[in-house]
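Chain nomenclature is as follows: A, B, C and D, assigned in order of appearance, with residue numbering initiated at 1 for each chain independently.
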C-alpha cells in the first residue's frame, strides 16, 4: 500500500511534537514536511529531544509547504482560521489541532474567545473531533477540528448521562486539575519553575473557552449552563475532571454502570475504572501518560442524588495529538488504534 | 508571669510534631511531657527531625502523664473519646485535635463515622474549634475540639455567604485538593512514593467525614446538603478548596468583596486574596506552608449566578496545630497571634 | 514462525510489570504463565494498572509453573539462587533479573552482599547481562543474569575510557541520582510520601552492591577501586550518574568524542548527548522514561585533567526489563530492538 | 535601644525577598527603603506574596536611596561593583549578597567570571561572608560580602578536614544537587515548568564560579584543585553536596566525628547529622527550608580511604539572606541567632 504523505504545519510545539512521535511510528504514514520558523533548518530533535536518533527530518518553513495528502495544523490558536484557504490548496484533507474550527456557531467565538471568527463559512465544513461522538461523519470528512483537551475529558465523562437525559444538566459543576504542558512551550513568568512548582493555581475559575465545546456537544438543542473551573497543579501532562452531576432519578451504581457500558462497550480507547480497593480505584492521569485512553469512573453519593464522575486523559494525546491520529485513522479506514497502542507505564 | 505547663498526649504524629514546634517557641508555654509509645524514651527529634538541636525533651509514656495546666490530645481519631474522663483528671483544660468531639449531635457519629460515640454526654462540653466562629465561647471554654482541616478550609471560605443567606445552599459543590500529610505518618501501600508521587487520586468522592462539620456549622437550623469531593495531589502540606456556590441575587464582585470584608476585616489570620494579575491572583497553599493563615479568593462567573470561592490553608497549621494554638491563646487571654507569626516562604 | 513461549516468575513487582508490558507487545512472544503469590488468581492489571484492557492473563502460583521455552525470573534478590535447579527443569533458557547470578566470583557475594552464595557452581553458567559488552556470548547463552541498574548506567558511561586505559581508574568518583522505583514496590517508612517527597537522601554513600559489578566488568585484570555514592531524589523512574574521571593524557573533547564514537557507533540503544545549547545539552533521565536508551554525555574541565561523564537510563527499562528483553532478542536471533522501539516522551 | 535603620537595594528578587522577611521580624531593625525598578511604587507583597498583610512598605527607586545605617545590596551579579562608591556614601556599612566582592584576588574574576573586576581596590575592604570562618573580622567590619550558596555548603562541609590537613586535597570530588531558586526569579526557557519539572540537569559539570571561593578559603597557601559539578533537580530551595575526600591516614568514624565536634561544637547554626537508622540519617535539604542551619554528615568507606561528606543548606537562607543577617548580627554585637530562630518544618 502507498503510504499517506502528511505534513505538519507548526511542528515545534508540544502537540506537534507528540504528533510527530506518533506519525514516525505509524506504519501507513510518510512524513513529508514539518514546519517551524523558529527551528527552521534544524533537526526535529532540537525541538523534541525524545526524537534524537529516531529521525533525520529537518524543519521547513511554513511558506515552503508542498502538496501532500493530509495536512495537520498545529499552529497557535488563531493562526489557522486566517490562512485556511491556502492550506486547502496544499492538501485535500486537513486536521486542525487548534481551537479555530471547533465551534460551529460563529457567535460562540465572540462570546468565548472574545473576537469574531474570520472565516465563519468554513466552520460548518469541519467535523468536531471527538471520534466517539462523530465517528461516522469523520469517515467521510475532509476537515476535522480536533477537540479541546479539557472539553474531551469532560464530554466523554458525561456524555452518556446527558444523552440519556438522566441528570439535571444545569446543576453540573466540574473541576479539572491540569498540568503545565497545557499552556504550551512558551516560557513566561507564570511557568517559571520556582513559582509553578508545587502550585495549586486557580488559573481559570470561570469562563474557560472549552466550556463552549461542552455546551455545543451536550446541549441537544436545550439551552444549557455548565459550571466549570480549572486548577493547575504540579504535573506536566494530564487532566483529571471531577464532575458533580445530579440525577433526576435515584439510580444506583449498577444502573449507572450499565449506562456507561451501553455507551462505551465497543470503544477501544475508553475504560471504565471503578474498583473497590487498591491505589487505582478511579482514573489516574499519570497512568495515561503517552496513551490515547480516556479513563472514566464514578461514585454515587449515598446521602444525596449526586453522582461524582471522574474522567482523565493525557492532554497531549487524547487531548491533542492522539485524538488527531485517531481521527486520521478513521478518515482513511485504518484500524482506529493503529499507532496508538502504547499502554502507558507503571510506576511513573 | 508563670508559664502555662502543657503536655501533649500522642506527640509523635504530624500534628503533634507541628504543635511541639509551635509550643517550643511560644513565650508563655512550658512543655511538661510529650507522650509516644513508639518513641518512648527517645528525644523528640527522632520523630521530628526539624527539632534537632532545638530541644532535649524525651518522649514519655501515655500512662505516665502527670498533672498539668492544659493537655493537648493528638491521638489517632477514636482514641480520645474512650479515655476522656482520665484526661480530665490530668488537666483542667483540654484541646483535642482529633475528630472525637467535633460533632455536637451524637447521631452524626453513627452517620459519618460509622460507629456510635462512646461518651455522648461529653460532646456538649466541647467548643468547636474554629476561633473565627466561636471566639467568645473559647475564651471561657475548658474543652475545645480542634476543627477538621478540610472543614476549616471550606467553612471559613463560605461562612459569610451562608450566614448572610446569599446562596442557594443545597447547590453548593466543593472540590478540595489535598496533600499527603493529611493521611498521617503511618506508611501504607497507598502512600508508597512510586504510587503516590504524581498522583491525582480521587480518594473520597463522597461521604467525607468533614462534611458533618460543615453542615453543623453552616446550616443555621435548616436542613442542608453540601456536595463535597476530595482529591489527593502530589503535595505534602496544604489544602485548596474550590467551591461553586450559586447566588440568590446576582451580586457583583464588589458587593461580594464587601460581604467578606465585613465578616473578616478584624481577623488576624484571614486574608482576602484576589488580584488582577500575577501568579498569585488567588490563594495558593504553598505560600501558606508553616503559617496559620486562611487565604480566601473568589471569582464571579459573568455568564451565570455562580460564584467560585477559593480557600486555602496549611492542613497541619490552621488545619490542626496552628488552630489549636490559636484556641489556646484565646483560652488564656494571650494575643491571638502569639507564637503564630511565621509569614510563610516564597519561593517554595 | 512459532512464538517463543515464555513465563515470568515473580511478575507482580515493578521490573516484572515492565517486562510484561514489553512482552505483551512483542510480536514473537507468547506469555504462558505469570506468577505471584500475593495476586494469585487475579488479573495482571490488579498489580499493573497500566495493563487494564490490554490483557486478560491471570497470575498463577510459583509452584504451578509449567514447561516453557524461556523463563524470566523477577523474584526478589536472594530468591533465585536457592531454586535455580528447579527452574532449569522448567525451561532450557533462563533470564534472571535479580542480583543472584551477576558476580562470577562467589567471594564477591560474601564481600558485597554479606552472605555466601548458595550455588556457586552455577555462577559461571550465567552471562553478565549487558549486551553491549557480552553480545556474542549472549547469542549462545542459555542463562543470562540481567545487570544492575546503577551498574549498567556507570559501566556503559565509562567502559570505553577504562577499556582504552585512558583514565587513572582508582581516582574515579561517581555519584548517581536515583528514583524511588529502584527500591521496589513494597511500602515502608522510608517510602512514605510525606517523607520521601522532596527528599535528597544519601541512602548509600558507600558500599553499594552494584559496585561489585562495575569492578568485575571494568577492571580488566587489575586490582581496582571505584568510589561510588547513591542519592535518592524526588523522581519515580530514572538514574543519572555523574562520574568524575581523571585522564592520563590531556585529551580534548573532540578526541574523547572519537573514543565514544568508536566504541558505540553501531549500538542501537546508546546515544551520545552533548550539545552546545538548549535544555537538553546532557543526558536527562526523564526523556528516557519507558525507553531502552542509554544516553551518555561528557564535559572536559578546562582547568584540570578531569572529565565529567554523565550517563542516564530508565532503571526499569535499560536497568531491568528492557535490557532483559534486549538479551532475549539476542538469544533468539531477533532484531535487537524488537519490542523496544518506544522513543520516550517530551515534555514529561 | 534605637533600631538599626537598614535599606535594601534590589529587593524584588528571591534573596531580597527572603532578607525582607527576616528583617521585618528582627526586633532591632527598622526597614527604611527597599528598591526595585520593576515594582517601583508597589507594595512589597506584589513581588513577595508571602508578605501580604505583613507590611505596607512600598518599593522605592534605586536613585532615591537615602542615608541609612546599613545597606544590603541584593542586586544582580555585576551590578554592585560599578556603583560601590555611591553606596558607600549612603551607608557606612554594607553587606553585599552578590558575587562582586567575594574574591580577594582580582585575577580570580578574570579566570572564573570571565571579565576583569571594575574596582579591584575595594576587594580587600570586604570580609568574606561565612561567619564560622571570619567571625572576629566581621565584628569589626564595615563591608561584608555574603558567600555563594554552593561555596558555603561545600566549605563548611570540608573546612575542618582541610584545615587539619587530613585529606589529599587535590583528589576531592564534589557533586551538588541544587534547586531552581538558585537561578533567580527571571523566567527563561530553561526554567519553563514542563522542561524544568522532573529534570536532573547537569547544568554546570565544570567551571562553576563558586569553586573560586572554595579555593580561596580552603587552600591555606597551597596550590589547590577541587573537582566540582552541579546538577539541578526538581526542587525549589535547597542544596545538598556529596563530597568525596580521601584521607591521608585511615581515621575511623569516631575520630572524624571528633574533628567536626572540635571545629563546630559552639556553632549555633551547624549540626552534625549522622544517625544509624531512620529516614534522616544524613542531612536533608527539605528539613532546612527557611532555616539558617548547615547540616553536615559523613560516612567512611570501609573498603578504602574515602570519606563521603554530605552537607546541606537552604540556598536562600544560609546560602544568602540568612547568612547575611547572621553577619549583620555580628557587626552590631547582637546575638548571632537573632531573627534566625525558625527551626524548619516536618513533614514538608
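By definition in this document, contacts are C-beta pairs under 8 Å (C-beta built on N, C-alpha and C of every residue); 3 or more make two chains touch, one makes a residue touch a chain.
Keep in mind it's a predicted model, so treat the numbers as computed, not measured.
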Interface sides of subunit C and subunit D: same vs different residues, half threshold: same
Maximum centroid distance from subunit D, chain identifier (CA atoms): A
Whole-Å gap separating subunit B and subunit D, where each centre is the average of the chain's CA atoms: 36
Averaged-CA centre spacing for the pair subunit D and subunit C, given as whole angstrom: 39
Distance from the mean Cα position of subunit C to that of subunit B, given in whole angstrom: 46
Two or more partner chains touched - positions in subunit B: 14, 181, 185, 189, 194, 196, 198, 234, 236, 279, 284, 347-348
Subunit C-touching residues of subunit B, taken from the complex the two chains share: 14, 179-181, 185-189, 191-194, 196-198, 234, 236
In the complex, subunit C residues that touch subunit D: 171, 173, 175, 177, 189-190, 194-196, 198-202, 205-207, 225, 227, 229, 231, 233-235, 238, 240, 242, 244, 279, 281-286, 297-304, 306, 308, 310, 312, 347-348
Subunit C-touching residues of subunit A, taken from the complex the two chains share: 14, 17-18, 21, 24-25, 46, 48-54, 181, 185, 236-237, 271, 273, 278-280, 284, 287, 289-290, 293, 341-348
